[in-house]
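Okay, so chain A shows up in both of these, paired with chain B first and chain C after.
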Partner chain A sequence: MSDYSSDENDDYVLYKNRPEWSDITPLAQDDNEEPIVAIDYTENFKDCYDYFRAIVQKKEISERALELTQTAANLNPANYTVWQYRRDILKGLDKDLHEELEFVEKIILKQSKNYQVWHHRKVLVEWLKDPSKEKYLTEHVLSKDAKNYHAWQHRQWVIKTFKLYDGELDYVDLLLKDDIRNNSAWNQRYFVINNTTGFTEEVLRQEIEYTLSRIREITENESAWNYLRGLLLHDKAGLSNNTTVKAFVEELYESNNRSPFLLAIIVDMCLEQVGAGGGDSNYSAKRAVELCKDLMEKFDTVRANYWQHMLDSIGSESGEGTSGN
Partner chain B sequence: MELRPYSEIVKNAFNTENYPTKTSSEQLNTEKLVLRKYFEASDSSKNNLQHPELLKDKHRQYLINSTYKLSSVYEVLDASQPWLCYWITHALSLLGIQLENTRKRAMARFLAKCQSPDGGFGGGPGQTPHLATTYAAVNALVILGTEEAYNVINRKKLLEFLWRLRQPDGSFEMHEGGEADVRGVYCALSIASLAGVMNDSALFENSAEWVVSCQTYEGGFSGCPGMEAHGGYTFCGLAALVILNKSHLVDEKALLRWLVFKQMKLEGGFQGRTNKLTDGCYSFWQGAAFPLIYSILHTAGHTPKTHLFSSSALQEYLLVCCQNSNGGLVDKPGKNRDLYHTCYTLSGLSVAQHFLDKICLLGHKGNQVMPTHPLYNIRPDHVRKALLYFSQFQFPRSPTDETERT
Partner chain C sequence: MATIIKDITLQENIPQNILFEKHIDFIKEYGQKENNFEYAMTDYLRISGMYWGLTALELMNASPPHTIEEISDYIKHCQDPESGGISSCLNHDPHILHTLSAVQILCMYDNLKAIDVEGVVKYVKNLQLPNGSFTGDKWGEVDTRFSFCAVATLSLLNRMDAIDVNKAVDFVASCKNFDGGFGSRPLSESHAGLIYCCLGFLSVTNRLDIVDRDKLAWWLCERQLPSGGLNGRPEKLPDVCYSWWVLSSLTILGKLHCIDANALKKFILACQDTESGGFADRPGDIPDPFHTVFGISALSLLGNDTVQKVNPTYCMPQHVIDRLQLKPQILDN
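Presenting the complex of A and B:
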């Protein structure tokens, strides 16, 4: 397929100079008499879109219209009208969709943060019922930007729709080895487990162990702490009754670590215990108050207002007035 | 409110714990750029009491010029022209500036050309209608606030358009045959409630449940179930639930915790996702979630006494790090200005400056901008005026009524 992305191509011929288009009268954008946010279009852009408007008006489904949408999509991959029309043509002409996969792949690799190109890809995969190239494509994009939201969303959709969970945890491990702070990879870990084994007691035990080891390596990695909290959502005993987690946080605290994420989880453990009637005296309102003050004044000053708000809520919920402190 | 001393800001540097990764090195690079700005600011504020100053005149000029002509760089936004109108008019309105009447008329007429005869607005004249550009067009028309502008909206066709995008699970496609995510539900609700076509509860049946299924284990919302919590989608999800009167379905403690931790301790601005970089536009997407949470807390009898994020650190980031000296605002130091970031940084500044009815201002009085409505990101007076205007009309009959009759 030829690539008409104009500036790369000296031989580019405007549509108005192409004999095969001579029967079409180009249709200019219906602009205001008085200009409003009038974009100073380049000649190639205006030329191509004037012909695009004309064929849409004619509802022309043809090879030349298909070629025109290719140019239009290259000029502005965010034009959803172009992609939608292109899909109508692909259907109307019963085109080889594998060729189309290759075309959109090229644009995705150049414009990987664009809703329309990924959606086009998704529709093609749905039509073909063939997800075989999708893991590779998303891995290619993620190798350049491991947090690309569109790539992850496409990958999750493919995995979920076609049940391609096999090997996904290994991929997540690979990404986390590469960058343990990659929150998208942590989120994918959760996604896979949630949709496969579920957070059974055994899985929970293993995942907690894994996560605590990662936190031991870097204690200010919010991704790992959030994942730990996510795991504990599945612990029937709650946030504050898991003996492994309790032992871990106490040990870390004793070692003089003051990661805000550590102190924050202890505050929430205290609040849970106090709210439940205070089964574990180690997690008291008094301790929560002291931690909130430490966070406000020393370890997490940017969030002072939030910690003050937490402090106020302890006062009102536990019945222990904090005003006297 | 005062600038944090430079010596204090420096102490908040990211702690790599001898474990550098790509995330930490990108974070440290950003901190370097930001610190350079804060260092210059601490120097100049010694001699200039006006510092940091919101460059209102420069921003006004940049925005007004943009209503006429935009360079060919904006070709990539050829399918987002109503957005350009909204970003400009809203940013101007926060600065207290209205377009001249002739310009208002011209913009209303331009947006009318973007409206499809089948309902909804497209990215430009003749383009397929799209939920996001319809949201932007309706917002822009509400900001213009003239009868001519209000009357552009074909409410009956608009409702039909929304019905065509609704999915059985309560989500909304962005356009016919397009993708569905949390933006869709939010845009549909914002449009329907502003234009007074919300009478039909069947239109949003299951929508609240679908949106709630996007709240992640981290506490924020994702674009669709299973994905990562993200600032833009969190705003859309929360605002959607508030419009639906279903905010009790949110785990608001987890959400609040996630939100406060998205504010960066050194930069003062917000990141969009855990372990990502600060970006000025999240000042609004994350920032506006706070007033929405305050309303939830208020209902529960826990009205907060101040902003629950650091309003001064956020204003500091916006004023010191996000202004282009020639007008317009940016994502972070070193980035080019654009209309999107100009709109959402000023919107974030507005959120930071207004707490309930109180003003919390960093810098000179002249830095103050107008309040914004956290559900629509339009000035509250513009919202009230539009709601009043549309309330005088009958609700358009919904397409389902007609099918029942046949």
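Presenting the complex of A and C:
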């Protein structure tokens, strides 16, 4: 079957010139006397959508309507009405949905940031109850854009719905080897563990080890530090009492590392200790104040206002004077 | 310690002010003379497009290009008599995104009587699922964006009683992540646009108590880059629409002062197209009404008093929210 939808195709026949459509009166875009109309777009587009409007109004369920929606979807995949109507036809005609999977896959690979195409894909997988091609599809999309939100959302839905967690941590690992700052991959790591083993003591120990070694590679990595903080939410002792983390943080600081994320976590460890009555004198309000000043003046100047605000709040809570007021 | 930061460099001659005349012409002409193919291509977002353009004009104290009757009449014809929902334009299916946009426009012009309000209430109510979440249309896509659209729409209509608010809050709360942010669904990655939707939702429902305020404020401040612009997720490029989403979120949290306002102002002003008018996502890109309304709104939140005050929860002129006597929750400094 020729691909009617391609503008470059010399054989493309306008719908108004196709004999099988001669019984339909095309319906031009009628914006109901709304003055903001002025239409002069390409002939193919106008031709296709004039027939599309006509056929939607008739609610016709037919092969030719299905073919028309294919052209319409190719011309404008963001048009959600086209997809909804197409699904009505697919159901009505009891079509082979595997063919439809292939069709939408092609569009997804071209238009991977479009809500409608992914939703269409999801509905098809639901109807077929066949998730076997989804991991591959999302990997294909993520290989070109590793943070594509739609692809991740689809992948999470498939994994969760069909319990396809096996091998997912390896995939995450692969992505992190490629880009250790890939926040989507770190989030996926959390998603997998949360929904499988959970953050047991043993898993927590392993994950902390893993994360610390990734941070050691590149210390200016917001995502990895956030993940570490996420892990410590599951440590009953809190942010500032994990001996492995404490040793790591102090060693890094001693080695003159001044990553803003390192200093920021020490600030929070100090505040936690102070708030809990100051069990560990190494984590004092005084140290937090000094670190905030360092962040503000030297190591995170973009966020100077934030650190000033932090200083002010430490000052008002601990009663220590700060330069803020 | 050389770190490559994904960012842009601003050029020298950045406009110092909002180029009002240019933007007003840009919005008024958008879709009229200019690039008609694009206009036709975007019929699936027509009503939202009208909301962006008309809100931008109102914030700039400019009159709309059509009479309020014409605008209202168009919206009226986009309401589906069966479901009660409003579609992006004629012959399209209703969607909650356009339903909210339509209600926002009509509230702005104090002309809700143009539509069947009870129909809208019924439509929104029917989109709520047993777990409290909302779908965007009858096909069932769930997203925290739609939770925001639902409560924003109903609160503007003063009909919050139509839905199960507690369940709706439970769902949004279940989308809170370990980094303090929110995603589209439970355990989906934090994203500034969705954080705005969730904070907007919690602001409308008066439930900001479920937020990890300090943690989230820090995450949001981390979005600011050396260029002054804000991105929507770690390691992404800055973008004017994220300036709005991050900024309105920080405003709702009472932490606006944590951002470097001057650097951000400069970035947003640099995104103006000095020739055609309008704001683009980044300096030098093609402008559009979407980034124009968010650019102007962000400048309004940053205290620019040459434009009208905008409400951070609804992204509507504050005087409209005051007239409706709505008091969405905003945390104190």
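One rule holds in what follows: the second predicted complex is superposed on the first by the 311 of 325 C-alpha atoms of A that agree within 3 Å, B and C clash if a C-alpha of one lies under 4 Å from a C-alpha of the other, contacts with A are read in each partner's own complex, and residues count from 1 in each chain.
Please note the rule applied: a contact is a pair of C-beta atoms (placed from the backbone, for glycine too) under 8 Å apart; a residue touches a chain by one contact, two chains touch by 3 or more.
Everything numeric here is computed off the predicted structure, so don't read it as measured data.
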Determine, for the superposed arrangement built on chain A, whether chain B and chain C clash or fit. clash
Considering only the touch criterion stated at the top, classify A:133 as touching first (chain B), second (chain C), both, or neither. neither
With the two complexes superposed on chain A, say which partner A:205 touches: chain B (first), chain C (second), both, or neither. neither
After superposition on the shared chain, which partner residues are touched by A:246: those of chain B (first), chain C (second), both, or neither? neither
Could you tell me if A:304 is touching chain B, chain C, both of them or neither one (first, second, both, neither)? both
I'd like to know which partner A:180 touches here: chain B for first, chain C for second, both or neither. first
Check whether A:217 is in contact with chain B, with chain C, with both or with neither, and answer first, second, both or neither. first
Tell me the contact category for A:84 with respect to chain B and chain C: first, second, both or neither. both
Where on chain A do the contacts from chain B and from chain C line up? 29-36, 38-42, 45, 49, 53, 56, 76, 78-81, 84, 87, 115, 119, 122-123, 147, 149, 152-153, 156, 181-184, 187, 190-191, 194-195, 218, 220, 222-223, 226-227, 229-230, 233, 264, 302-306, 309
Taking the touch rule as given, give the residues of chain A at its contact with chain C in the complex, in rising order. 27, 29-36, 38-42, 45-46, 49, 53, 56-57, 76, 78-81, 84, 87, 115, 119, 122-123, 147, 149, 152-153, 156-157, 181-184, 187, 190-191, 194-195, 218, 220, 222-223, 226-227, 229-230, 233, 258-259, 264, 302-306, 309
Within their complex, state which residues of chain B touch chain A. 12, 15-17, 19, 21-24, 66-72, 74-81, 84-85, 88, 102-103, 106-107, 109-110, 113, 122-128, 130, 174-179, 216-219, 223-224, 226-230, 256-258, 260-261, 263-265, 268, 273-276, 302, 304-310, 313
Contact set on chain C toward chain A in their complex: 1, 3, 31-33, 36-37, 39-41, 43-45, 65-66, 70, 73-74, 77, 87, 89-93, 95, 137-139, 141, 177-179, 183-185, 187-191, 217-219, 221-222, 224-226, 233-236, 255, 257-261, 263
Using the touch definition from the top, list the residues of chain A that touch chain B in their complex. 29-42, 45, 49, 53, 56, 75-76, 78-81, 84, 87, 115, 118-119, 122-123, 146-147, 149, 152-153, 156, 160, 178-184, 187, 190-191, 194-195, 217-223, 226-227, 229-230, 233, 264, 300-306, 308-309, 312-313, 316
